[in-house]
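Consider the two complexes below, in which chain A is the common component and chain B and chain C are the respective partners.
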Partner chain A sequence: MGLHDLLISPFAEFAFMRRALAGSIALAIAGPPLGVFLILRRMALTGDAVGHAILPGAAIGYLAAGLSLGPMTMGGLAAGLLVAVGSGVVARTTILREDTSLAAFYLISLALGVTIVSLRGSNIDLLHVLFGSVLALDDATLILLAAIASVTLTALAALYRPLVLETVDPGFLASVSRSGGVVQITFFALVVLNLVGGFQALGTLLAVGMMMLPAASAMLMTTDMTLMIVAATAQGMFAGYAGLVISFHGGLPSGPLIILVAGILYLLALIFGPAGGLLRRFKPGRHLEA
Partner chain B sequence: MAKLRYVITFVLACISPAAASPAQAQSAGTLPVVATFSILADFARNVGGERVAVTSLVGPNGDTHVYQPKPADAKELEAARLILVNGLGLEGWIDRLIKASGSTAPVIVATKGIKPQQMREEGRIEQDPHAWQSIANAKIYVANIRAALIAVDPGGAAVYRANAENYLQKLDALEKEVFAAIAKIPPKHREIITTHDAFGYFGSAYGFRFIAPEGVSTETEASARDVAKIIRQIKAQKIPAVFLENVTDPRLVQGIASESGAKIGGTLYSDALSPPDGPAATYIEMMHNNIQQLTEALVN
Partner chain C sequence: MGVAIRFNDLTLGYDRHPAVHHLDGEVESGALLAICGPNGAGKSTLLKGIAGTLAPLSGSIALPRVKPREIAYLPQAADIDKSFPISVFDVVAMGLWRRCGLFGGISRSETAKIRGAIAAVGLDGFEARPIGTLSGGQLQRMLFARLLMQNAALILLDEPFTAIDSKTVADLLGLVARWHAEQRTVLVVLHDLDLVRESFPHTLLLAREAIANGETDAVLTPENLTKARAMIEAFDRQAPACARAA
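On to the complex of A and B.
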């Protein structure tokens, strides 16, 4: 099998592969930059928390309009935003940190969601229906992913400096500007938007994994913020492409395989990463000498 | 302080008898039966008639493969006098749930005596649990349920036998209808795509080929290679229609249809009945709906 057959023809021959690639790349552009900031703020487990927190919103959407994806997604988004923004406000105004307040809110939200679903008396696993798959992207979903990526990139570009400052030195930011709260809330909103859109389009594993794994690898590769974001995005795109190709030729499920490729990149970074990998620890580079 | 202690003891003494008596699950005289999913429950209601009160753990449009039980389910199992399960690997969650509930009711596997079909997955041989899709098997389900009910409630043996006889006759008539309907479809059109391999027994019994990307359980995820194979197959063999199911995400099948040029044939009911106001509220209605959708899409 020639190189063209191996690497290009799956996408040339099949529209669903092209869509899957487009969707993964859109996710890789929007997710990893947010993931870098999440890791720096020690909120790496937010993705899973939000995945559970959206349940009451999806449940209310289901009660209102049945099993249609639009209302359920909007409901999920509203619930996720409420939880994320609420935990941000609590973190700013009480002694609790962001991870604690998020944990508290998402658990309450999940319990509420399970109760609402049980009230209806239905046995449908709402989240199983709501979560999509990378091989099942239709036009509307692709447009959704692209729109979310565009909004995220624009917002990140506009808020980059205050966001970085708020992440690494919030005290200083508070002393020179009042934009700390706005920036934090906007950031959370972006995270929830990407996660909910990601869940609906691609499923939890792919949405959360694509956000966190490339970012974690990038942190081991460099200490420069911009390079971190670029490295994370590049790895995300590579994982998307390689995962789809391997899934195509190997007959393995696509979503998990994309995350496994990202995972292999992470393990490589863990060992060989210039900015903190294990090899560096045992064999440090040359120190600067005067 | 002593007064407070007396008050508390008094209140606790009043509450405890109420807490000790179990909740009454059945109305006067009916036998509480729990079936794992809606199709099994429908069979049980037809055989048991008014002597039984049947509840189903997985409801209409529910997915039994990936169902997550709730505490209320354990309560129902504990209060039941008969538990019906499908077996053949459909309900991976039921054994632990029954143990956890502490129920002493007999557990009857409704597929006892049915020759299971194997799934032809590359290298992996799995049992196909969807035995009810063949009416000949459905009759075995009914016979097993009848025997189970008579064993648990010998006083109603005559009623159960009469009900079962009645229902078996209806199933006979249904089977004739299915054969007649399929005879109208040209043999080369008897091939369709649907989401998961739920129709193996239907296919073997009535001469149909079902092809599915998701394999035999909705727990699995489709691989890109399987989807590609199906699209190539549809294009090569000009398979006319793909069908959605009531228990899975429609977008995968819609994507396959739009890329391969097959049309969407309608919704087939595979693993669960529809709600009472839907087109497949009982097993017989479910089969009617399915063959109607198939013939409408394929007879041309």
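On to the complex of A and C.
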């Protein structure tokens, strides 16, 4: 098999592969920049939990209208925001802290969602909602993913400065501006929006993977914020492409394989990353004059 | 000269326990005021009240010449995330927020001013350094540089010299003196009474209630200091409602 057959023809020959690639690239453009901020704000596991939490909302949408975009998206959004707000309220009004209340809510959510799907659907449907169906993205879904990517990038560009400030020194931002609260909420809304989008392609269990893994990997490669975002996005796009190619030729599930490629890149960065990889730590080289 | 801050029967506290109790008084515009008192006297609480982060339990604080977001406030323990990948230059540049806002660019002259501020605190050459590599004193100096950029009329410093070496303290006091010469109103919470006697013309001695407020030599007398020390630090769990409450 020539290089062309290996790397290009799956996409040249099959429309569903081209769609899957387009969808993955849309996710890779929006997700990783958000992921960088999620990590810097120590919200990595929160993002993961919210990703699982959107399931019952999407499942109710599915019960109502089958594997259709509109109801599942709206349901997912509603569930995600409900869990996020609910766990915040519980954390503020009871002795339980944020992490406990969020864990409680998302576990209930996930169990509820699986139950709802099983009520009407088959195991295949359950697999779709848990692991996504990146190979079955229709036009409407692609448009949704592209729209989410555009909204996310625009919002991030607009709110970049206050978001950085709110993360580094929230006290200072509060003393000079009233935008702190708005920034926090908007950021969280963007995360939920991207998780709902990612849910279509990668499923509820892996949706956050496209955000987190490329970002974590980029953090091990550079200490410059801009380069971090660029590196994360590049890795996300590569993972989408390579994951689809490998799954095509190997007959393996595509969504999980995209995340696996992102994971391998992360492991490589863990060892070889210039800004914190293990190799650097154990063999730092000779120290400098001054 | 005018009045920068007016305290009207001010009570500030936590969970109904007063930390600052029925404070009356004024701070003149352009004053250089040290705030002293024993631990738990309400000094940090008072600054938080002036900065607007803590609402009064009763009474009020009037700021006739300054808008609430035009106050530069350096809290006791800066809640800054040192692991964030940001450089000293960018943190100092944050001081320009009031002018630049969300999208405003930084002009060449402003860039020069930022570099000037960084040099003024003795951090020349540190512009590109990630803040996670700074020592305690260097971090404090960087935050001072940010204050310089804020160009505020009212400056509040809460124990700014804790765990700082004496040379840095001298340098930063020079900056404070410069602010005073520029007619800004500066309030500084300090524990070191020798430093206060040396460098601060006015002092407010606080022990929940105001013990004395005026010229430093008249305030920091042995009698006043003894009175201040007599304050009981712990909140009284069985305290009744205050009889003096308005």
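Convention: the second predicted complex is superposed on the first by the 213 of 290 C-alpha atoms of A that agree within 3 Å, B and C clash if a C-alpha of one lies under 4 Å from a C-alpha of the other, contacts with A are read in each partner's own complex, and residues count from 1 in each chain.
We adopt the following convention: a contact is a pair of C-beta atoms (placed from the backbone, for glycine too) under 8 Å apart; a residue touches a chain by one contact, two chains touch by 3 or more.
Values in this document were obtained by computation on a predicted structure and should not be read as measured data.
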First (chain B), second (chain C), both or neither touched by A:Thr167: second
Contacts of A:Gly263 with chain B and chain C, given as first, second, both or neither: neither
Chain B versus chain C as contact partner of A:Phe16, first or second or both or neither: first
First (chain B), second (chain C), both or neither touched by A:Gly276: neither
First (chain B), second (chain C), both or neither touched by A:Gly181: neither
Which partner, chain B or chain C, touches more chain A residues: B
Chain B and chain C contact sites that coincide on chain A, given as residue numbers: none
In the complex, chain A residues that touch chain B: 10, 13-17, 19-20, 67, 118, 121-125, 128-129, 132-133, 135-138, 141, 244, 247-256
Chain C-facing residues of chain A, complex: 40, 158-159, 161-162, 164-165, 167-179, 223-225, 228
Residues of chain B defined as touching chain A within the complex: 57-63, 66-68, 70, 72, 122, 220-228, 231, 249, 251-252, 254-256, 258-259
Touching residues on chain C, where the partner in the complex is chain A: 51-53, 69, 71-73, 75, 78-81, 84-86, 91, 94, 97-98, 101-103, 130, 146, 150
